[in-house]
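Shared between the two complexes below is subunit A, which has subunit B as its partner in the first and subunit C in the second.
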Partner chain A sequence: MPVQSLQNTDVILPQHTPHPLLPFLQSQSQNTLTRLYQRPSSCLSIFRLLGPIERQLIMNLLWLESAIPAATMSAWVMPEGKQAYDEALAVMAGLHIAPNSTVKLALNPTFKSSLRQAITGGGNTGSFGTPADKDYKRQSANIENLDAYALERWETILHYMVSSGQGQNPAKPSQGVLYLLQRSGLMNTAHGAILQITSSGFQFLLHSPHDQLWNLLLQYLHMAEERQMDLVEVLSFLFMLSTMDLGREYSTEPLSETQKAMLEDLRDYGLVWQRKASSKRFSPTRLATTLTSSSPPLPSSHSTGGSRAADATGTVALSSGAAQQGFIVLETNYRIYAYTDNPLQTAVLNLFITMKYRFPNLVVGMLTRESVRKALSNGISAEQIISYLTTHAHPQMRKNNPLLPVTVQDQIRLWELERNRLKSAEGYLYKDFASQADYEYVLAYAKQLDVVLWESAIKRCFFGTLEGHSNVRGFIERRTGAA
Partner chain B sequence: MRAIKGVLLTCDSAVKQILLTMNEKDPFVIEDLDDYHLVIKADEEYRVRRELEAELEKNTYSLEAN
Partner chain C sequence: MEKASHLSVIVDLSPTQWHLSAQASNQYPLSIETFLSQLLAFLNAHIASKHENTLVVFGALPGKSVMLYSSTELLTDDMPPLDANSYLPFKLVDSTVVRKIMDELDAIGKLEEEPPCALVGAVTKALCYINRITHHSSTTTGVAEDPTTLHDPRILILSVSPDLSSSYIPIMNAIFSAQKLKVTIDVCKVYGPDTVFLQQAAHLTDGSYIYLERRDALLQNLIMSFLSPPFIRKILAVPKQDKIDFRAACFCHKNIVDVGFVCSVCLSIFCQPLPVCSTCRTKFPINTLKRLNAARPAITPANSRMGVPLANLNNAATPRSTSTPVPNGMSNLR
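Here is the complex of A and B:
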């Protein structure tokens, strides 16, 4: 069957998009990276972030004591894989894992010894965190509590974003989170002093939790640079968290000052849990421990309709499926049925639909001209609305081809076009030229500068941009001066 | 040779006709270039856009109003 064979090739050749952290790491100096590679947990985490070919190459080189000729390695590569191989080598060179050389191939010695240590264990660098002594007086947080805590923190942030500027008063995340949202351009204070979600903020809501998390953490890393925090400390702490055991308590004693300060921020994001701020122990949540793995960062979102059904049949709703499970049914008459009781999802929908009815597990609404225009005026694009509806479409909808009713898709785009019936550009109208030759001469110059927006040879005038005016005026003055 | 400061509006001809009608009441057009282009006074742009919006809104039928 053609369909099946298609799926098979998908499994064999998974599309690997580079992790968002890698470009950031590549922009760091060799010195920073080498210091980072002194920690086994960081090496292991970076190894996990790399693509399959890079991982394969590193594994091949890891246990070699000396460099091997580059030709030996490339002899393994089939001609059609040459490009992928070269790209993988470029990534490794950019990260200073394997220096770029056409003759010899070897791993960065620091990286090599740290990764070896990560795999074989041993040493006492404590880079994987130091477990706290067992506390017999108090029970440590169990996994369910940690999951609930992480989910609550994370949804507070997202919920705050969607319902900002809607007259609702959702629970506010901490000041640090607000600042981060503002810095990352996901929210801004365009209208008065109230923080409002931006166009990129809406796109952010469409991403998977894993991408959202890294998106914010990347911003955090950029901020850390400005706050004069030691980037190596910050990164290695994140990597340390990502290799920790869920449900285990760790001691704060061996952490550096920077890392202790980070604990506070990460608590706000829901990455770590502490009994109180002054506590000498902390537990990473699932958000943190899955940072560099492919497992889903949030426990099954038990509030979506999909997982509820799964619960009823007695199967354990495993996170990825349930969280990705679609819940929206869109009909050709613009009606939307959303099987959800999650306030966050309801709030996201509320950005672009008019609510009609709400039931405990179902929200009914309409896509109307007004509701879509409201979304458009908030900087949300028609494409974003359509892609949100597509990604969250109910499994029942997947039987349709195309997935969303074409009429509705087109109408959303038309509503967007309708707002752009008038385009404007500020500038100068040049007219009343003495002669046709004069006109053509100046126009040719203006065209050279690429500042002409409109021209008419019959009327002998043209319209130039504001930026080009001083140049064009100078040109005309020089010309009349010379004449 | 003259250079006049203004804002170039690019629109469809229907919108242009509405703008010309609005212009009769309260002039803001500097130059009528062709079917799709107008040059207007720079400081009038915001008002024109708002009034045009209101004018276009009159021609839409809303389900929600009922």
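Here is the complex of A and C:
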């Protein structure tokens, strides 16, 4: 044929890890979810959190008036996609979006009508936030101020965490935030009254801002349950924020009491901005409006050189998927050059490198055995260090393939393995067998069950796991009983 | 992390064809108003799927093509007022697209004869746009090598006009650029006869061509067939045409030909033997011309399949299978 298709290259389906919020939603009752689905903005946000196959299936079903036979839909599934398709259906059933049925396939009617309404507009649910009347006396906050505010709030929290164990006295976040950090196990008061960062707290610091944010919000949701707050109100307010437009002001009037109470907490986290606590209007920040997207929830840190230029383009949706500007250069000789003057980034780096020099815009350090082992003993894993270095690599580093020097990566992993030379397991030692035959007979049985951890034929004893003990014991007792 | 995807939609806005399409004598009359309302729902569905998804809408009008909406740049100054009941980006798409279409249609005015729709212009603009965004993201931010930020560009053509044989060469060129940019071209034939060129466009870029039979189910068809990005299509299949018309148009009279004559030097296609190739100025020997002319009226099935090539001195009668037109019946070669 004249021209051959050039696009036969196989596209591998990108790995989709389910959003952390979804398991939480799945654990809620059908009643709660149906109430949540009454709001178009919630439906739209949840729809966006789902995986690509779920989304396509929902869209396929959205405009159908009646249920269709499940076989009709599965006829479209490619043989190699069967598993992914079944998983998608299971997720949808778990969220009560499409009831689990092998015969008919249809969307939950509440979800269907709300999502339709979200897409076509209209209705009078007001779920996308009521805009505040224009205030002619005072200028509303512009996007730059909002970004700066969100960044300041967020970095205060992180900075407090990272420097808690080092005797420094950084600015303290509000009491609500401290309580949340403590509740979520990121910090605790092990030594006296001073809050200390925990090992999960150290891991938390190396996550992406998006993961960190959801991590905290999930804790917030768990806390809301205990504080007897209406979960539907809380969730729908978060979803409403995520569909709002950055740089606009919204009115607090139509919010429920629960949601007004939430405003205070969200202000502390940097998700919303208000002029005064008593103000009748609020503006969501970028942290809030990117909740359901994968674009960076924070503007690139104000410190990194040239980030201003990146910001200008970053606000254009073109480079929407672009991650924060990287600043780390890692050499094969374990040296790290970090172009930053941001104290938070420096402090995070300090978790696993030995600092050598500090300049106004540059930090130089080394990855050493001691520094990495210190991080490892704090509960940070080698993979987390490597992924942090990867995500924050300087644009210059992006030219390398692989991105990080292999020697350094391997060495970090080896340092981790060093710590894992001993493995402990709970179990039982079986010894003092009367005869070699007895010993071998019991050992063969235990091996069948796959519970043997260690054996020594010379000493005529072996070590079995905890789970296998009752079986092995029963076996021995039966044998001695029979004999 | 899953990629954001880019969609360029090209809407054929030929007033005549839409008038014909709305006639009650059709089995499923479809007016442009109903069409637009369903199209807008489809566009919103694309934006709804992912926050980062980008969308551009081009209109092919008689004699010109215009950009109706772009998610990366504001085309109109006035933002629609905020409203508690609708999601702002959706509202922005809806109002901008409708406004621009109305403006453009009003501007057409009364014409003696309607010039053909500038579909090729719109396709070319869409390709330029895609080139710009993929190129842009690879130069300014260093992260573009990161495969997660690359777009997954697609073009969807909603066509109502019949083939314009004079646009064969530009369409083919557009298809080749699309292949190079790894752009998938999808075609939905909303009204009118099948178009040969668009069928080829979809086939060659691994897209799907759908002739809309149930025109009352436009939205469902759009969503089922054209909403999913290519990687989803490997799991949830989309309908594809099984029969493609591979005929080409001749360069001399722009007719779609079953059997043509191909210049053996530059591969130009002609509907009749010529002494000199009009494209590359190659002269053909008089003997060959005579033989070809003599062979013309009685086309045997055997050589009609390959076409009868024009020949130069070197190889007088070697059939050139590359870029030789294939008659209709032999089209199913996939």
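The rule we apply is simple: the second predicted complex is superposed on the first by the 313 of 483 C-alpha atoms of A that agree within 3 Å, B and C clash if a C-alpha of one lies under 4 Å from a C-alpha of the other, contacts with A are read in each partner's own complex, and residues count from 1 in each chain.
Rule of thumb we're sticking to: a contact is a pair of C-beta atoms (placed from the backbone, for glycine too) under 8 Å apart; a residue touches a chain by one contact, two chains touch by 3 or more.
If you're wondering where the values come from, they're calculated on a predicted model, not measured in any experiment.
Shared-chain residue A:81: touches subunit C; no touch with subunit B. Contacts of A:476 after superposition: subunit B is touched, whereas subunit C is not reached. When both complexes are overlaid on chain A, the residue A:448 reaches neither subunit B nor subunit C. Comparing subunit C and subunit B on the residues of subunit A they touch gives the larger count to C. Look at A:59: by the touch rule set out above, it reaches subunit C but stays clear of subunit B. Of the two partner chains placed by superposition, only subunit B is touched by A:424; subunit C is not. With both structures placed on the common chain, the touch criterion links A:395 to subunit C but leaves subunit B unconnected. Contacts of A:142 after superposition: neither subunit B nor subunit C is touched. By the touch criterion defined above, A:245 lies against subunit C but remains apart from subunit B after alignment on the C-alpha atoms of chain A. Looking at the complex, you find that subunit A touches subunit C at residues 1-3, 5-8, 11-14, 16, 40-41, 44, 47-48, 51-53, 55-57, 59-60, 62-64, 76-78, 80-81, 84-85, 117-131, 243, 245, 248, 254, 290, 292-295, 310, 313, 316-323, 325-326, 394-396, 398-399. Put simply, subunit A touches subunit B in their complex at residues 354, 366, 368-370, 418, 421-434, 438, 442, 453-454, 456, 459, 461, 463, 469, 472-473, 476, 480.
For subunit B in complex with subunit A, the touching residues are 1-12, 15, 30-31, 33-34, 37, 39, 42, 45, 49, 52, 56, 60, 62-64.
Put simply, subunit C touches subunit A in their complex at residues 1-4, 41, 44-45, 48-52, 54, 71-72, 81-88, 90-91, 94, 133, 136-137, 140-143, 145-146, 148-149, 175-176, 179-180, 182, 184, 203-206, 219-220, 223-224, 227-232, 234-238, 246, 322-324, 333.
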